[in-house]
């Protein structure tokens, strides 16, 4: 039963490809994968927007959308219809071609990242040997699309926001990669499927061997997630589209469906990055407890992904937006040094792999100290001299 | 024409496009971009010879390509920094105006 | 097999050629990025997966960003990105020189009997590459690292404004 | 619980981490920096004790953990850790004394603004020193050796705003560098000969029989064995670091650093590193002992240098007036003893003395530090005096240290270790001169230490500072007390009756030789010590100094000798006059040569030319000049034309490059030049 459920997507694929002659089956199965990702994540995107609005509403003590359909469940479709029927305005002075290309490319680049994420035990669209590298290569390409949007709009605010976006993305590329390298070092491969397999197994059947449950993995996961929030331009790092200063930045001159495309790309990017985070640190499709393996692996993946994304929404609802100097300072003075130290920490972990018995405790203690002490010291040094912030509320 | 020769022809043409660009454009950044194209063409040769050459087991071609990509990145960074520095001095990015050391 | 190569090559060469003849530098740069992507497709086609992704990361992710920044930093207003047409003599001479080099190279390639190895794709996993880079080629890796660091510092020094001087001017 | 040798690196790693923490801590974080440093060193101490336990399981074995550092081409560079009783004892000593000195520094440096920096440097030093000790590779040892030098430089110059301190730091760094050059050359030569720098590597190391046989069988053109030459080069490093004659001049000046630094680096540990180095490469140093047809044995040189240093240091110490300088010269002298012991073939005695000396000399320096702290940074013993009743703990512990250093019989550790050295020197076949030098130094040591104590603690206060002295806080006196206890007890591990340390170090049972075998020598040295202390008391304690300006009794008798010794035998001036002057002299000689000899020749040739010129002028002006003028003009024109090609137009260059390429290839292929 479990095995059948596990293989269900494969069975469906084989059933469909069975209708086609042998020579074109590979093509059909490839197309099927694309269609499946588009359908699943299109729907996921639609309900993510609804979930975000609902959650934000609850965080801010209001109900959120609840008029369209039961509990507002039809709201995403209403939004889609609205976006499609709105007038598509292109500014007179815009660089027309680039103005059109930017939203298309941004969605395309957001989508191709999904190709290497293992959604389940048998569900990985392309099992590349250098999958992690591919993911980042696809990720950096979307920066270009942002630049194109800013440039093509022929608008000062858009341009400034594009430059900001580039600076921010380049700054946070570094901690992101530094957080990933330890995982690659420890699992000895760049292939996402093998990284997930390397995290299999349980101690006593209840403690999974996920990377996040080691000192370096824990630190790496947090660096990764902070950088991921910045990479996807989400609050509190949403400077490039700050409404109050840049009137929505590179999105200013977009309307209608193109605007919706940018929105979609943001959620695709977030899902992809969180998916990579789940893959690298949270054990991918592995079940958290041995006996829970009866639940199919792809379900676990989606559950973990949703949890991580929920945390991002929580962060968005809680934290205030940073200033640009605070943003870059956080990256260069805090995350990058910590990432480098964590790299050394992972190397230590790798070298001490054969310590056993009481040395195991020493290993944990050293590894934890190596990450905690710099965290405290760098944090203190950076925040020394800053007076505690005071807020004045209207009385 | 073997596949290797086809690869080499393509890379030669890419090299020459880069050369023509570097020769004909006066904007310094475009000249630099032309040179980057020439570098890319050279890299293509490394890979082509590794893939179709006499001894593909030796990974020399790939390693060379990796190192050369690294060097190209360094070259681009320094080159564009130079462009900015020259622009600050001369208020111009035309290459032929940067000729103070002429004889 | 060759058809795919011709397609990739054709796209790459067209993109490069058009990029080198456009007036608008931003368009040129973006098209060149397309051409670099073409090169990375060529690497993928040739089975050098790692090099292909490294190419995308370095060229599309880093070099192109630096280029775009440089373009935006070296202009006074928006029209500056559209450069004046070049003189005809220079274009012609460039084409002549480039054409002769191209002729020479292509004839050399076609005229040389090249030894070719086995037809199947050589297998080179990322792990092999890593072992090579960390083992026998470690010196090269270190030197590349030093070069990158020095270049980074040099670029910062070159491009940084000397605040005192800037105030004076 | 034993410490496996694979984890030996943790011993230096802990202080290194502490140094890193200290470096990252802002100035306000005093407890963090000091706490990390002390905790790390205590951790290292515990690990060292465990390591000692491991090492003593089989004292004869050399436990190693080697690993390859990096590959270069086909070769592999390997480093490693080594654990045997020798370095295990060193580890325990360094960490134990170091811990006490760290704690003492808490009090001594309390008012210093750069407290965290101080502890950062101290930890760095401790890490490097422990690195020297645990290294199983001459390269790793050398790296740590240089790091120790760096830390020493930083710490001597810790108060760099004082010009003397800055100069002393520079002097220490440069002087030891001269020795280190020898060490580096020796290391390179050794690598060239044996292909490895690992000490022990299952029979393939450079200190093991295979390599040594090759080294001692090869000879140089002068008949010297290669092992002798390499050994002497390595010994150069030890001479520089251990303050041996003639490179001892930096050590007294190094007293400009804070006193805990003097205690840690320039008394207990770093200067002992030279002795440790020679003991570590002892198989290499003694490889030529079996050869009879060589002109020189390496160890003979070591013994000679040691004897000279021991005597010279003791003589100079008699006439010093700065409390720390007296101790510094006594350190020089004691290090000479250790070298002497190494030279006469008893490295065990040298290490024994090294260990006991570390304890009592650290005690003396810390005691001096306590005095200086109490007397408001007054270091001149003529200005002190009468401190005994005021600083009771300091006085008591200082007296213990003094008696240990003087070699007071039976109760104090210095006696036993000094006896061991003298006993070894007596048994040396080559010469008895080291023994005689050692015995004279015994008298002098007892004498100048008595002088120091009498001047400092007896009589009446002779200045404002000494009259208003007050005892140091417990954080400083407790380490003193612990060290004093150790100074007494540590001696009993190596008495002739129970030579435990000796047997553990060599790994073979040493039978306690009879009470009477060395009794004659022992009686003699006891008499000499008694004579020295008695003379000191008679001259200095019976009639104590009344005013600070009063002349020293010896100075009154032999003013010129006293002044000569007080100026440290004028060795600094000698170096300035020789090494410094040689440069100037060479310059003068070159100038003279230039001015008279070469200039004469040139002038003579010039005259000849002048004459010939007169002859030729006519012909020249008429015939040749015109031709040359034309030629020059043509060249200039050509230059102008050529410089026109330097258009400054990068495009043109690139174009020329491309065209040149095409033309070159065409010429080669079509022209059949291939």
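First chain written, first letter: the chains are A, B, C and D, and each begins at residue 1.
The working rule: a contact is a pair of C-beta atoms (placed from the backbone, for glycine too) under 8 Å apart; a residue touches a chain by one contact, two chains touch by 3 or more.
Note that the structure is a prediction, hence the values are computed from the model and not measured.
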Which chains does chain C share as contact partners with chain D? A, B
Chain labels contacting chain A and also chain D: C
B-D or A-C, whichever has more C-beta pairs in contact: A-C
Chain B to chain D: how many Å between their CA centres? 54
Averaged-CA centre spacing for the pair chain B and chain A, given as whole angstrom: 35
State, to the nearest whole Å, the distance from the C-alpha centre of chain A to the C-alpha centre of chain C. 29
As a quick test, compute the distance in whole Å between the mean CA positions of chain B and chain C. 6
Residues of chain C touching at least two other chains: 50, 54, 62, 69, 90, 93-94, 97-98, 101
Which chain A residues touch at least two other chains? none
Could you tell me which residues belong to chain B and also touch two or more other chains? 19, 23, 26
All pairs of touching chains, each written as two labels joined by a dash: A-C, A-D, B-C, B-D, C-D
In the complex with chain A, residue positions of chain D that touch it: 21, 24-26
Complex contact set, residues of chain C against chain B: 1-2, 5-6, 9, 12-13, 16-17, 19-20, 25, 28-29, 32, 35-36, 39, 42-43, 46-48, 50-51, 54-55, 58-59, 62-63, 66-67, 69-71, 73-74, 83, 86, 90-91, 93-95, 97-99, 101-102, 105-106, 109-110, 114-118, 121-122, 124, 128-129, 132-133, 137, 140, 144, 147-148, 150-152, 154-156, 158-159, 161
What part of chain C is in contact with chain D in the complex they form? 90, 93-94, 97-98, 100-101, 104, 108, 135-136, 138-139
Spell out the residues on chain B that touch chain C in their complex, using ranges where they run on. 1-10, 12-21, 23-27, 29-30, 32-34, 36-37, 40, 43-44, 47-48, 50-57, 59, 62-63, 65-67, 69-78, 80-85, 87-88, 93
Can you list the residues on chain D that touch chain B in the complex? 642-651, 654-655, 658
